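When the chains are written out, they are named A, B, C and D in that same order, and each has its own residue count from 1.
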Amino acid sequence: MAAPGYSADRASLQARLARIEGQVRGLQRMLDEDRYCIDVLTQVTAVKAALDKVALALLDDHVSHCVVDSVREGTHAEKIRELTDAIGRYLG
Amino acid sequence: MAAPGYSADRASLQARLARIEGQVRGLQRMLDEDRYCIDVLTQVTAVKAALDKVALALLDDHVSHCVVDSVREGTHAEKIRELTDAIGRYLG
Amino acid sequence: MAAPGYSADRASLQARLARIEGQVRGLQRMLDEDRYCIDVLTQVTAVKAALDKVALALLDDHVSHCVVDSVREGTHAEKIRELTDAIGRYLG
Amino acid sequence: MAAPGYSADRASLQARLARIEGQVRGLQRMLDEDRYCIDVLTQVTAVKAALDKVALALLDDHVSHCVVDSVREGTHAEKIRELTDAIGRYLG
């Protein structure tokens, strides 16, 4: 159980995060250019949607690896509580 | 009505966005360091909360400036529809 | 300024809420019938989306009436803070 | 695999849903009484938070039962995809 669950998909997660970083820099440029609030907000919405996809990919990987391994080891109760706590915090 | 509503608070919004950009880079480092999925997800939650605050600040500024000005000009119906459409998209 | 902003659309809001009440009773029946978790969750998602629409309608009405009236009376700063605070709580 | 995962906690889930149904009826009364938009919205926020808790309880039960059972049967890939799809729809 050396590497965390997202190892296999790390390249794809890193690509998503690099894109999000670019979108956040784009937001800073939009403010510099005095762009219309609603257009800026639309772009913030796009960043939030991209972030939701990262969160989902992390959840998927966590269940597919950590939770599945813990079932085999009979230690899943704690892993599952940790998972739903994390989703609960993400929901707000 | 030259500048958009967020002009006055632009420095504060830019500071928030610069911090979010740093958090997104921090997430990329966490993946590079094979950090535990749930810890990465907790950090994604922090970024989402920071993004919500940017969205709220933009909404506040939009209402305080664009909507208020449009009321004075009697053209607020469209501005308000634009506002609730944008909030609707943000809610998902 | 007797009636709150949603008066005109109250019939439509009440119809939405009556539908949501029916959906929540439908959820209780789904549990009684031992329906599959994911199907129950899909129905919870539909209720949440319906609730988001009620929230948006209330926001729209609040801005269209209370905020617009307050601009005319020059007392909008407080109304707008109240609005963004309420949206912030709704976002989580 | 007779009963769905939430069987054990069904009483608690049913109690939550009965409470939500009461809250939705309370919202209808608030509109009948011409209550202030922001106060109605605050109550909508409470219903949404209660609904989030139901969604989380369903997710927890689904993972604790259906996903755990499917790991033992070697059929978890599909269950996990179903789970993350459901969370994705819930996020919006």
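Here are some notes:
Here is the rule we use: contacts are C-beta pairs under 8 Å (C-beta built on N, C-alpha and C of every residue); 3 or more make two chains touch, one makes a residue touch a chain.
Predicted model only: the values in this text are computed from it and were never measured.
Each chain's centre was taken as the mean of its CA atoms, and the one lying most distant from chain C is A. The chain pair with the larger count of C-beta pairs in contact, out of A-C and B-C, is B-C. Centroids built from CA atoms put chain C at 28 Å from chain A.
For the pair chain A and chain B, the distance between mean C-alpha positions equals 18 Å. Mean C-alpha positions place chain B and chain C at a centre distance of 22 Å.
Shared interface positions of chain D, i.e. residues touching 2 or more other chains, are given as 52, 55, 59, 83, 91-92. Under the stated contact rule, the graph of chain-to-chain touches is complete, every pair of chains being in contact.
Residue ranges of chain C in contact with chain D, taken from their complex: 3-7, 10, 13-14, 17-18, 20-21, 24-25, 27-28, 31-32, 34-38, 40-42, 44-45, 47-48, 51-52, 54-55, 58-59, 61-62, 65-66, 82-83, 86, 89-90.
Residues of chain A touching chain C in their complex: 91-92.
Looking at the complex, you find that chain B touches chain C at residues 52, 55-56, 59-60, 63-64, 67-68, 71-72, 76-77, 80-81, 83-84, 87-88, 91-92.
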